[in-house]
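Chain IDs A, B, C and D follow the sequence of writing; residue 1 opens each chain.
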């Protein structure tokens, strides 16, 4: 029950964040919203695991957290240097 | 209640079809190659959901056997979709490589400009 | 029995507070006028909201592997959130996106942080009321 | 349900926007939301894969390509009426078709009674793996996975061939 309340709060926050991501006048607004959505998804996942009684899936939350920051930094690095380290060709093979 | 219950029961299918149709629309209507690929991704993910949603059982848990639980969701769609996701990223990579090649050949990734350039060559 | 009751009560409080702060962060994300202030709003949800929620869940889980994972997640969020926000602010500034600064009449205008800093040092009477947010 | 509606909202954003950067970022958000929906649908392994593939690899790949091309989509030349009409008709037909599908979450549908329970019952005694998805993927349907690996290998070769020409052409300029 208490997890359901927290899930509702996180869901409402996610809705607001998606609104910002859709409205966002600049790319940075959207990126900020994407970062926030990542955090929200992690918390939602953890809370959902507790609510259904199987909280063993937090590894996925950890994965989300890492991917979240990797994605954000990749985009930002692109903005800063105009490339992703070595340039696009190498990245595509990965 | 009787009018709305089928709508609520099938809500996820409606969303899936909306995603699928918007993916189709993006692929058909937009000329930009990268946007077309994003549309393709939309279509793919809608198919993933279409497979996964009938396999869910209300009150079930993920199919990892544990003696505390009796009801599990159907594991078979998960396996199929796992394969599909990996194949999907492989096709995405191939498509992006093709886009790069096209960009190098024609200097653009817009479909119309590519067609125009092709006509000039003849 | 009473110990379990207090644990439940405490985790109720923590979870509701965490949800509240996360929601406040999201509302701030919508209400604030420009990118830099929005970053400020998001940090509330990322640190306090996530921290309280994780603490509430950890109380429910007890001293198990789950708690360790929860705090690992929290650690990752707390470390990466500021890094990502910092990089975001740098990139935004580099992209010639200037923070909104209140001018004399209280209206928000786009200002160059370097010029504002110069103005502040030349007129010490005004003070550094508007530090540039980096 | 709320998550699904959010997915639809993000999709509208993707369709409407023209800045390709924003589209890539939104598709990352879309993947995160999609993974959350998959968690709710009990597909934990799939959610993990979708998050890493959709939000991680796809975003980086698309950014790499954006770096080499351009970041703004040009205005559409053709009228969108015909594709819109085709899409709407397809959608209407498909929605008519969904009413033949079973309602959400029922345990006695053909999907859930035919072969899934066999795997669930047989996984521990026959393979000893508690995660049924793993046992089906690697053990019962190992040949499918072999085929999948072949597809990835082929795609990798294709990418390499395409980009090899690209790199050989570049020093000439």
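Everything below uses one rule, namely that a contact is a pair of C-beta atoms (placed from the backbone, for glycine too) under 8 Å apart; a residue touches a chain by one contact, two chains touch by 3 or more.
Predicted model, so just to flag it, every value in this text is computed and none were measured.
*Asks:* Counting C-beta pairs in contact, pick out the pair of chains that comes out on top.
*Replies:* B-D
*Asks:* Averaging over Cα atoms per chain, report the distance between chain C and chain D in Å.
*Replies:* 32
*Asks:* Go ahead and note the Å separation of the Cα centroids belonging to chain A and chain C.
*Replies:* Centre separation, chain A to chain C: 15 Å.
*Asks:* Distance-wise, how many Å sit between the C-alpha centres of chain A and chain B, to the nearest whole number?
*Replies:* 20
*Asks:* Check each residue of chain A and list the ones that touch at least two other chains.
*Replies:* Counting only residues that touch two or more other chains, chain A contributes 14-15, 31, 33, 56-57, 59, 68, 88-89, 92.
*Asks:* Can you pull out the residues of chain B that are in contact with at least two other chains?
*Replies:* 61-62, 64, 66, 93, 96-97, 100
*Asks:* Would you mind listing the residues of chain D that make contact with two or more other chains?
*Replies:* Chain D, residues with two or more chain partners: 12, 24, 44, 57, 61, 64-66, 68, 156, 159, 163, 166.
*Asks:* What kind of graph do the touching chains make: line, ring, star, complete, other?
*Replies:* Graph shape, chains as nodes and touching pairs as edges: none of the named types, so other.
*Asks:* Sort out for me which residues of chain C touch chain A in the complex.
*Replies:* Where chain C meets chain A, its residues are 8, 11-12, 15-16, 18-20, 22-23, 25-27, 29-30, 35, 38-39, 42, 45-46, 49-50, 53-54, 56-57, 60-61, 66, 69-70, 72-73, 76-77, 80-81, 83-85, 87-88, 90-92, 94-95, 97.
*Asks:* In the complex formed with chain A, which residues of chain D make contact?
*Replies:* 2-3, 6, 9-10, 12-13, 19, 21-22, 24-26, 28-29, 32-33, 35-36, 39-40, 44, 47-48, 51-52, 55-57, 59-61, 63-68, 156, 159-160, 163, 166-167
*Asks:* Taking the complex as given, what residues does chain A use to touch chain D?
*Replies:* Residues 11, 14-15, 18, 21-22, 24, 27, 30-31, 33-34, 37-38, 41, 44-45, 48, 57, 59-60, 63-64, 67-68, 70-71, 74-75, 78, 82-84, 87-89, 91-94 of chain A touch chain D in their complex.
*Asks:* For chain A, which residues count as touching chain C in their complex?
*Replies:* Its residues touching chain C are 2-3, 5-6, 8-10, 12-17, 19-20, 26, 28-29, 31-33, 35-36, 39-40, 42-43, 46-47, 50, 55-56, 58-59, 61-62, 65-66, 68-69, 72-73, 76-77, 79-80.
*Asks:* For chain B, which residues are in contact with chain A within the complex?
*Replies:* By the definition above, chain B touches chain A via 61-62, 64, 66, 68-69, 93, 96-97, 100.
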